[in-house]
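Shared between the two complexes below is chain A, which pairs with chain B and chain C, respectively.
Then we have the complex of A and B:
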């Protein structure tokens, strides 16, 4: 099976690799995995007071498609509000990267990672004392 | 084939009878003639039966055995607690009983059936002798969630896997003697973790609430989560092994 040029590009030059401090108030962290292939993916978002994702990082251990999917996801979420980020669907990733059917689960993982990161951020927000009123 | 189509209903026709009979409590028993819940004599020749699939003396193969689950094929109850030496004894006995040589002078139908059963027995043995695969199979039989649908792992486990992956990546970058040593001990630790999870799984199966009990789905999920964790650990163990032989 041949990888598409876009997958190879993201694999060779992954965007936004790294980590934020997961304890930080404005950071949401999502860690997801696929037990059938052993892939583990961490995706983090940094959100400003307006609820806009200003930056993102990822760290993925897995195949080229999983790395490319999460790399693309970090590019796409930047500049979006958290609600908009939740609208990113795995099929968008599949189309953009031209993933073959047997690699679709990698894109699902990336979508799950975005959701998990947003969820983690929102949980922090709702439990933080004297919230900054950024929700609306 | 001489089999009468309307022969009287026989316990061997009911897989459940062999699978979970209450008489199967202790697995330590060795004489194969007393395999649990299997009638002691052959329907055809009335000789004592030594395996649930084929008569040791007249070589009658029991067609119903095609429907048996892997445990019933060995005359064992559905449990994680299998004595692996006992399993192997049963396997050898079945293999002998179903060996093609035994059917050289028999009709094609019997020969084909024996061949089929023999393939089933080989599958069953490879699944049951491995604790992880045995647990996966048992979970499937009990109607638990499968890995494709339920990817959860115990709380905090994935974050830990991320860290272990990082350690392995780091070691791979500079694989000197001390890194090798570190990886070897990491691998031993991984095996220990896996064994601990499998012990928890065995315990959960042993106290699995009955069908219809509201607590049952929770226990099945707990088993699934731990088996998922085992799958990750297995993958890491293989990665390290391959790295260390290179």
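Then we have the complex of A and C:
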């Protein structure tokens, strides 16, 4: 199967690879997928007091398209508010990376990873006794 | 000089040996006759070439030339053997024994027969992809008419105890078919010593051309009868009608001759390269495992799971090296390898498996390049792998609650 140039670029030069401290208050972590399905994505966001995602990291076990989808997702969430990030849809990823039909599940997983990371961040915020800063 | 890309997928197909091609060429050009043309020199030349090829094929198998039926390859041979026996022996019984790790060209004809009322036992295999003769014996019933088990597995290279299985089949009067596509020319295959009644092989897996193969059909002790699939001019003693593919058959014959004469040399050479590569991978990488039997295995097969690195991503990382993977992502059907699954190596090991297939024309330089680049790709992809990170943190992946999709 031939890969698009963008998939190959993300595969060869993945953006924002790495990990944040998942215990940190301003970090949201999403882990989706399963090893027995052949793909697991971990996507992390760092959010400031204004609710803006200032940085993101990922690590992915999966095919080239899965790696590219999650790499792209980290690029796209940066600078967005968490609400804006939730509006990223898998079809946007499919279009940007020119994914073939059999790779659409990779983009779905990336969308799920964003959602899971935001959810984790929001859960931390709401359960934080200090209200952590932006209590407006 | 090293020429890229490197071909390490010799279980899928092999390059044609130049000596095979040279033998074939006259039969495309001046000796183009139909082997069935009995009344002119063009036909005689073609028939003579087929006769010689038939002897070369028979010699490789220790068979009689009259027991060789030329076909288009192993898929046809397997269909002819399984369906051909089923049709002619259905009065005797309707039970067939095979194994879960067979090639689709055996499994699918068996499934077809099930739809016609036959009953098929799919033997499970051990973690090395092997069945035992005891398993075969235990599965036999009074109405068993056929046992079909591959000589060597195309994915993991495991070699079944063919001689022991052949002996059991003889004792019980059951016909024994073996798909020896991966084995012929690589390991000794003696139909007399091993008690084989029917055997499939393909030229293109042994440095011959694509589109030609044969079915060995035993003529005595016992005489095996098969119903043809193709009806027509009654070629190949009525078992396979159709004008003979003379250049292909000449190529198959030459490939068999070379396979017989150079088997030991090829084996030692390929085995040496495989072990060189295996040692290097296992010395330099952690969390890797060999799939298939460590001992009863084809010399050219190195099937390895690189934990925490998905197979297709791995293949992208070693794009200058042509290999195969058991990962679902690399198959047209999106189904992961049924062989590795049957071995029970674990779904994650299936997704991370890579098959390196070495052959007669593989060089040490190529193997060293492949090992070096594989190691680099695994290391790079593990830096990207959340699973590797978790394992390094001491998390047991089996205890993690995943979200399968």
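The definition used in the following text is that the second predicted complex is superposed on the first by the 128 of 136 C-alpha atoms of A that agree within 3 Å, B and C clash if a C-alpha of one lies under 4 Å from a C-alpha of the other, contacts with A are read in each partner's own complex, and residues count from 1 in each chain.
As a convention for this text, a residue touches a chain if its C-beta (ideal position, glycine included) is under 8 Å from a C-beta of that chain, and two chains touch if they have at least 3 such contacts.
Since we're looking at a predicted model, the values are computed, not measured.
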item	value
Which superposed partner A:42 touches (first chain B, second chain C, both, neither)	both
Touched partner set for A:95, first chain B, second chain C, both or neither	neither
Touched partner set for A:59, first chain B, second chain C, both or neither	both
Which superposed partner A:11 touches (first chain B, second chain C, both, neither)	second
Of chain B and chain C, the chain that contacts the larger number of chain A residues	C
Contacts of A:33 with chain B and chain C, given as first, second, both or neither	both
First (chain B), second (chain C), both or neither touched by A:67	second
Common ground on chain A, meaning residues reached by chain C in one complex and by chain B in the other	31-38, 40, 42, 59, 61
Residues of chain A that touch chain B when the two form their complex	31-38, 40, 42, 59, 61
Of all residues in chain C, those that touch chain A in their complex	308-313, 316, 327-329, 334, 336, 346-348, 351, 383-389, 397, 402-405
Chain A to chain C touching residues, read off their complex	3, 8, 11, 14, 17, 19, 31-42, 59-64, 66-67, 102, 105, 108-109, 112
Chain A partner contacts - residues on chain B that touch it in the complex	147-148, 151, 153, 158-159, 161-162, 165-166, 169, 228-229, 231-232, 235-236
